[in-house]
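Pasting a structure below so you can have a look.
Here the chain labels run A, B and C in written order, and each chain numbers its own residues starting at 1.
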Amino acid sequence: MATTAAAGPQSTTGTSVMTNVEAVRSTLHDALVRDDRVLIMGEDVGARGNVFLITKGFLDEFGPQRVVDTPLAEASIIGVAIGMAMEGLRPIAEIQFADFIYPAFNQIVGEAAKTRYRSNGDYTCPLVIRTPYGGGVRGALSHSVSIEALFYHVPGLTILAPSTPADIKGLLNAAIECPDPVLFLEHKKTYRSVKGEVPAGYYTIPIGKADVKKTGTQVTVVSYGYNLHQALDAANRLEGEGVSVEVIDLRSIRPMDKTTILESVRKTRKLLIVHEDNKFGGIGAEISAMVAEEALFDLDAPIRRLCGPDVPAMGYALTLEDEFMISTDAMVEAMRSLAAF
Amino acid sequence: MAKTTTARERRELERGDLTDEQLVAMLRNMLLQRQLDNRGFQLNRQGKIPFALGSEGHEGVQAGAAMAFVRGKDVLVPYYRDLGLALGVGMTPYEILSSLFARVTDRSGGRQFPNHYTNHDKGVLSISSIIAGHCTHAVGVAAAFKYRGESGRAVLCTTGEGATSQGEWHESVNYAAVHQLPIVFLVENNEWAISTPQNMQMRVANVADKAPGYGLPSSVCDGFEPIATYKAMREALDRARSGGGPSIVEAKCYRFLSHSTDDDDRTYRSREIIEEQRKMDPVPRFEQLLIDAGVIDAERAKALRQEVLRETNEATDAAEAQAYPTPQSLYDNVVAGDYHPWQEFS
Amino acid sequence: MPTTITMPQLGETVTEGTVAQWLKKPGDSVEKYEAFVEVSTDKVNAEVPAPVSGVIRELIVKEGETVPTGAPIAIIDEVGAAAQTPAPHGSASPSEQVANLAAEANHQASDEPVPGGNVGLSSTTFTAPSLANGNGSAVVANGFVAASAAPGGLRVSPAVRRLAREHRIDLARVHGSGEGGRITANDILAAAKAGPSAGVAATISADNAVYTAPAPPSAPAAPAPSPAGGGRATYAQARPGDLIPLTQARKIIAQRMVESKHTAPHAWTMVEVDVTNVWKWRTCEKDAFERENGVKLTLLPFFVRAAVEALAQFPLMNASFTEEGIRVHAEVNIGLAIAADGNLIVPVIRNADRLSIKGLAIAAGALIDKARRGKLGADDLAAGTFTVNNTGANGSVLSAPILVPGQTGIVTTEAIVKRPVVRDDDAIVVRSMMNVCLSLDHRVVDGAVASGFLSDLKRRLEAMGPSGSL
């Protein structure tokens, strides 16, 4: 399933079509060329070129100092990167799968997020942590989780989850530029299945800004990741039925774009939040609370959340994975019924 | 009483390459550390500060290690018992007391627990309270030195022996060893991690015994002997600075006091053992050593103590007179720019 | 100079300490930082160092005695030029400071009822619930849109509620096109385009009946003009730069106000009334009254009672100027001026002179309730002979009301304010004072009659007290 991404910022000298994974790769490559302080570190990023081939060839081009194969130890991958960042480099640390990030939780939440705060600005931590997340690839219990809800709660962290190639490039560049730690989430199911136009040249997208990927009048849908593309499919299907759905791509989980969400909700008066992550305590809860606080008297229906089930992970068997993942049909039904409410 | 000394006795001091000035500086550092340490407890017992954590017993280690540290080039990544090292690399009593009193003049703006030193200008890395949480950062700083091709610089990462049980200490040492980074892991083994004695922390008799497991050189020194510590640290740091890679230095010392003002060590160790160890207290012993060796006389020693007391008193009064951080300052420096998680765009 | 030493807090959760042993006695000198007492708590035993140098003057607590943290334990006479170490900002601990601030905030919220009665509906118009007052309880909005009267008892969404109020749509008359017959926001917007609800139309034609008698009613109520574009400028939410279309009711009010001012030469007078006693009476009776009669007891019925008695003495105040002569009315029908949704409505208590205070309270309550629900009929609004306006509900202390066309007097009850008052024996006492203002048609009466009426009203009101009967 390929969708055409909405045009990103103004094209400079043309655009090229690429997949999400190619957008990650080319952005990383350009960053290594552009800025001496940038280096990539993680498991298998050097000789193997990353398990998704994102850094293939980088070791030869940039050398082992700038593309570092680390020992198999997530806490130190992040911890050492933190030390480098505190000392003035711009490390991009990779956690091979988001499911492996837990040993590094201490370093991310207890150390990186607090570096600027606890030193009152004496030290900063311009660190990017990249990791593929999400399911639908037969990855089973430990290669499919979503982790944004665990981290978006933490002041001091920035969490990004762009869904299209143009957004990936703009936000990854912004993350590398950002003087504070950024967790950059890449939905692995979209790596090769999502293609779009990407403007040439260097650009960034403002961190925190969401994007209306499709305008509509009757229902607002907020989503990100693989679900975003399903939501667009569902919305396009419903256009044919005369139901007009507006789809917002969050792009940034923390900080989150209040303006775009409220503007849309005030227009359509109905809000559906779709995320693959477990429902209880997922980011949909925070969006719901904010909208209830700020736009209660604009709501013509209860806020609805269509989310992953509250079980630890999706199973290996296809029946189990399909039960966990939200289908496009389910989204169509949710949007349709909300519009008719 | 002053003794005249002969040249032979001076040689017997085994001072290595340390000059008289350096030896006196080390003594002064130890005296100041002891005095500031006590001041923390006094202020706590007066009800003026809620928490203090002492470092009695570590003065020798830290004076020796500080003397081997090159200011302006090396970076110190300390742990919370490193008052002497912090002073030894250039932090001031006023900074220390600002931190104890949690005043706005503290470098962390009154945010950090006491003894969590930070000073970017002086090469002291900011740390958290997570044991061994700082070790990977120390490795990262050393990695940055190597990345930039800077020789002549090393990272001094200190911990107690308890921290060496943490997975992250292991990962740090391993990473540094694999990538041959310019870092020295100094373990100040004072035998106690709060109430856990060393033999419940590890199976080996010396932390340094773990070093071969990483493929690293190591040494063990008497942490009550500042000169011996200096020599061991000098060797390790020189090795790191010149591209010879990391090493582990274990300095044996003893924790004379409870872990902190919130700990009562009478519940887990005997007074007799502590008294035995106190006989080896490095501060009076080093003072006496220098007097015996003719480096200073008793008058000078007394003057040093008074100087250090005066400095402590002045710093105490000056820090205490400062303001607390404003409530509004709570919201500063979460991230560069606006800290609010919900952003509004016009 | 003497310095008092207090029991320090040795440990975060410790609340008291015991003096285990004094290391000094009175008369001993002590150095700053020298240990002078041994204190024990359940967490730790410690020697406490002196905060100043000096001589021990007094040991307040005995050995073995336990005192709370912060209690004085000794006094030292400070000696030497040591600077006083200033106490850190705020001697209270941070949690104490926070607790103090919270206590202050709670004291500011007041439970006293607003004196002057609650005739004005403005205090009960629909407001957004405020979610954070001092004790954390939410203030529930008193919307008077007939949401609960929706068919089938369906609940309405916040958007529907708000839109219905803004467009003055009676939900009872809207067909719901949503799921299960739910009224949707679009249904409201569609209804707004179609015209005002019957409830509002009734109010407008009732207005016509009052203000245009004896003239025949003007053309039937025209639909409220639809708001321009998406701007939706409304009277209720007027913003700078708005051009708010005139509703029919507003047009009529404007017309009648001009007519009144241009026809009757308005004169004005005022008295100050000591309502201390009558307020006391009201306060005594109100809870029981509300329980027994289901209606609030405000100052209004007391006032109206005094007014009708005074009108009996000064019947010219209950009259109308006509070309044929001054018609002195047989009935005393008291109009109560009420603000409802930006419009002025004056429902009338018929034959108010035949009602006791209790009867007046019940009659007024019924009319106000009807007004709130938009259910006033033409009968409720017709034949007023004298009008009362509780301007004081909004804090006013002086008003110059405009006569209802055809009436000779309109009287206001201003805010009740506690003032120092000089008694006949020159004593200064604090009394609850309420100004009563009167606009009069100077064609019918002059100052002497008007003042006489007002003084009589004042005297009667001041004579009311707890010994009376409702």
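The rule is simple: a contact is a pair of C-beta atoms (placed from the backbone, for glycine too) under 8 Å apart; a residue touches a chain by one contact, two chains touch by 3 or more.
Keep in mind it's a predicted model, so treat the numbers as computed, not measured.
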item	value
Which two chains share the largest set of C-beta contact pairs	A-B
Chain separated most widely from chain B, comparing mean CA positions	C
Identifier of the chain whose CA centre is least distant from the whole-structure CA centre	A
Centroid distance [mean C-alpha coordinates] between chain C and chain A, Å	51
Centre-to-centre distance between chain C and chain B (centres being mean Cα positions), rounded to whole Å	65
Rounded Å distance between chain A and chain B, as computed from the means of their C-alpha atoms	42
Contacting residues of chain B [partner chain A, same complex]	75, 77, 107-109, 111-112, 116, 118-120, 125-126, 128, 130, 133, 135-147, 167-168, 171-172, 174-175, 178-179, 332-336, 338-346
Residues on chain A engaged by chain B in the complex (per definition of touch)	39, 65, 68, 70-71, 73, 75-76, 78-89, 91, 103, 106-107, 110-111, 114-124, 152, 155-156, 158, 178-180, 206, 208-209, 254-260, 290
Complex contacts: residues of chain C adjacent to chain A	128, 157-162, 178-179, 182, 184-185
Partner chain B, residues of chain C touching it in the complex	6-12, 33, 43-44, 46-49, 51, 69, 83, 85-86, 88-89
Residue numbers on chain B that touch chain C, as the complex places them	39, 42, 44-48, 50, 101, 261-262, 264, 317, 320-321, 323-324
